[in-house]
């Protein structure tokens, strides 16, 4: 009875198709945004901002991107790490070549460049499906990592082979480089995450989203009712890669500050983001955030309990973490293939009736 | 010009129940379709006229569904020509055929199970929705207006097929009969000039069949939609259709009005299982 | 002439590597055919098998790390060494137990799910097994030695020197690997063609429902197939482990089996072998001729890009059957 929809009538189709049809949801959402923008920056500790919130927001963007491809478009990709690397290296090359252009522009352009690369590697999806495609995207992953490793132009011929983010400012405030305050990193990532989530929501509720989902659910029928498979699949790859590219760009420029491609964007990153999508919920925007939060918090939690609490060695805790993550993936696929997002929906259904059983 | 198309065929006429039948809309000429060594359709010709209900019947494996797949562009025949509205149709991809105004339903329901009823029906209008990726992403005025405009059209079809209460239900949860109805709604949403129905009443009970027959007749009557359908229930076929094509083993063995076909010896043999000599 | 001979030496060595790839790919094909599961964890299974083998052989206490952390003790080894043959047999038993556990805990609950869900479940399984291997036996790089001969084969060098005037360098281990792999494939083919269980396995591969309806126990077949795949993983683990040490990268080498399968088709045993050989030879030749021009280390991606390019033109692979799409 706490959570209810009775009495919430819609009189226009516009009102009926809004993101949060229920007033209660809408208010909750605005309250959350207000806290995230107006309260957290002033109270958060540096540790929480840089080690938890910033990676959470960046991974949420990457998970959103991958979710568009896998959850809405039905095309599996194991190349997320490679595409994040494209975003990171694009930002590095752009900002060192054009230091006077705003870093925000560079981040967005990096996303666009990644979108182009994503479209290129998405072309085979027209001929091959399912896990054949998944394996094919491994080609993107391994090739891109190799490329950034072996072609010195990409890392400006630096001796270490690393890329390091120079200091950049937005409106006079330092936003990248070692001198950046933690709360600024947080605000930059939050702004991107919220705007991109809004874009993703718009895309998935309209024509484009329906095309993607039609292809996902039954590609042959989709084509017969008039969906151009080329256009639908390639646009899914492009939009997905745009998001992933921005995530990679922020991951390098704001979070890491310096990166070595194999270490920061290797195949494990691809799996990590895929796991976020599965645990959070395929085909759910909320799920992308939930999955990212879960897998960013889990190691922090385990480390605090196992290492901090029980005094276990760090490597043992890391191995246990692998087991737990693996087991959780299997568990979620068996029990709730729609992930945390579905659990949240079910909880809301329960709350609607609470305290009555029916 | 094929011999089966006499000039008399072209003249528009009005049926007993007052529906107007026009000239030839789709003309299939000497279609042959093979899969490897198997010939699914062998040298079949027939036409479909504006505004009529055209049935394709025949025993299992006669090649009826393959024929429908040729019309909707899913299979490209090895031989023969497809003429549509007086022009020869080149080999098109299925989505291009859809854009010509040809919509269909499927024998084994092909709905998008992960989407709601409303979204499924909205997919029927995809060919008409024009707003681009960027405008969608920003949910600008035009994108929003377009969405609502098409939503209104879809709501009319939802009313017409009496599924108002199911709008937000995921299609995967619906029972069989309703799924068939949603599939029809999706095809109608495309406002097709030619509607192809592949066994629209398969697996339905008498009551559901009656409902579906009524919808088919209403669609034809109210929207003037030309309909080609495959159906096994002879009673339904004879009641609904203006003309019937009979297929057996990939060949055409009969073509004409229901009463002509009923008295055709080859058709009777095929249905009663007289041995082919 | 010298150049040509050197190239053919590369081809021969590529073939040997290809045999190893084929060996891992074989495990994928077996499981895929019988259960429709595309088992991403096959590579990690090979790693796990190799780790277990080393652990048993050297008398390591399983979970020593964890036990020490929980109880404050300092156990590590039992203090005995197990003979190689016995250790291999015990490891095979462990792999069967693993197969039973996977069937009971994972597959049984995912019957009827879409292939892609099953695939992702095996990725989870791979992570779990990797963690389990590390917790059981420790994550350090281990040397594996079950008495297989290693080093350059003098006989092969002498023979080729006499025939062509140029002595080929071929590792004796590679020759053994080729022999063992061939024997393994022959045994598997014989098993699936001539035994009752083999026939049941093929029936299940063809159609789960139909196999069930004639009284074949799916559970038994799946456990059997995963056990066989576990055994194949063990053999692959022994070969790779002997060659380059037992460490995490072993499971990445096993990933190469994926492009091998894309070339050969997921359902064909000959395809797995031919695909393995093509990739083994192809990547060695590419690295030799093109690698130096573009920076080297092309082996990391060549196989995938080759498979990708190939698939675009022939989606069903070399030996796969063309599927007629229906609606």
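Letters A, B and C mark the chains as written, and numbering starts fresh at 1 in each.
Here is the rule we use: a residue touches a chain if its C-beta (ideal position, glycine included) is under 8 Å from a C-beta of that chain, and two chains touch if they have at least 3 such contacts.
Since this is a predicted model, take the numbers as computed values, not measurements.
S.K.: Where are there more C-beta contacts: A-C or A-B?
M.R.: A-C
S.K.: Of the other chains, whose C-alpha centre is the longest way from the centre of chain C?
M.R.: When every chain centre is compared against chain C, the largest gap points to B.
S.K.: Which whole number of Å gives the spacing of the CA centres of chain B and chain C?
M.R.: 50
S.K.: Could you state the distance in Å from the CA-based centre of chain A to that of chain C?
M.R.: Computed value for the inter-centroid distance: 33 Å.
S.K.: Go ahead and note the Å separation of the Cα centroids belonging to chain A and chain B.
M.R.: So the centroids are 42 Å from each other.
S.K.: By the touch rule stated above, which residues of chain A touch at least two different other chains?
M.R.: Correct list: 220-221, 224.
S.K.: What parts of chain C, by residue number, touch at least two of the other chains?
M.R.: 327
S.K.: In chain B, which residues are in touch with two or more of the other chains?
M.R.: 74, 106, 110
S.K.: Contact residues on chain C for chain A in the complex?
M.R.: Checking each residue of chain C against chain A gives 38, 65-66, 69, 105-106, 109-110, 113, 115-117, 119-121, 123-132, 134-135, 139, 252, 255, 258-259, 261-262, 294-298, 300-301, 304-305, 307-308, 311-312, 315, 325, 327.
S.K.: Quick one: which bits of chain B touch chain A in the complex? Just the residue numbers, please.
M.R.: Contact set of chain B toward chain A: 72-74, 93-95, 97-99, 103-104, 106, 110-115, 119, 122-124, 126-127, 129, 131, 133, 136-139, 143-144, 146-148, 151-152, 155, 186-187, 190.
S.K.: Can you check the complex and tell me which residues of chain A touch chain B?
M.R.: 12-14, 17, 199, 202-203, 206-208, 210-211, 213-214, 216-218, 220-229, 235, 239, 283
S.K.: Could you please specify the touching residues of chain A with respect to chain C in the complex?
M.R.: 76, 123-124, 127-128, 130-132, 134-136, 138-139, 142-143, 145-146, 149-151, 220-221, 224, 267, 271, 274-275, 278, 310-313, 315-316, 319-330, 333-334, 337
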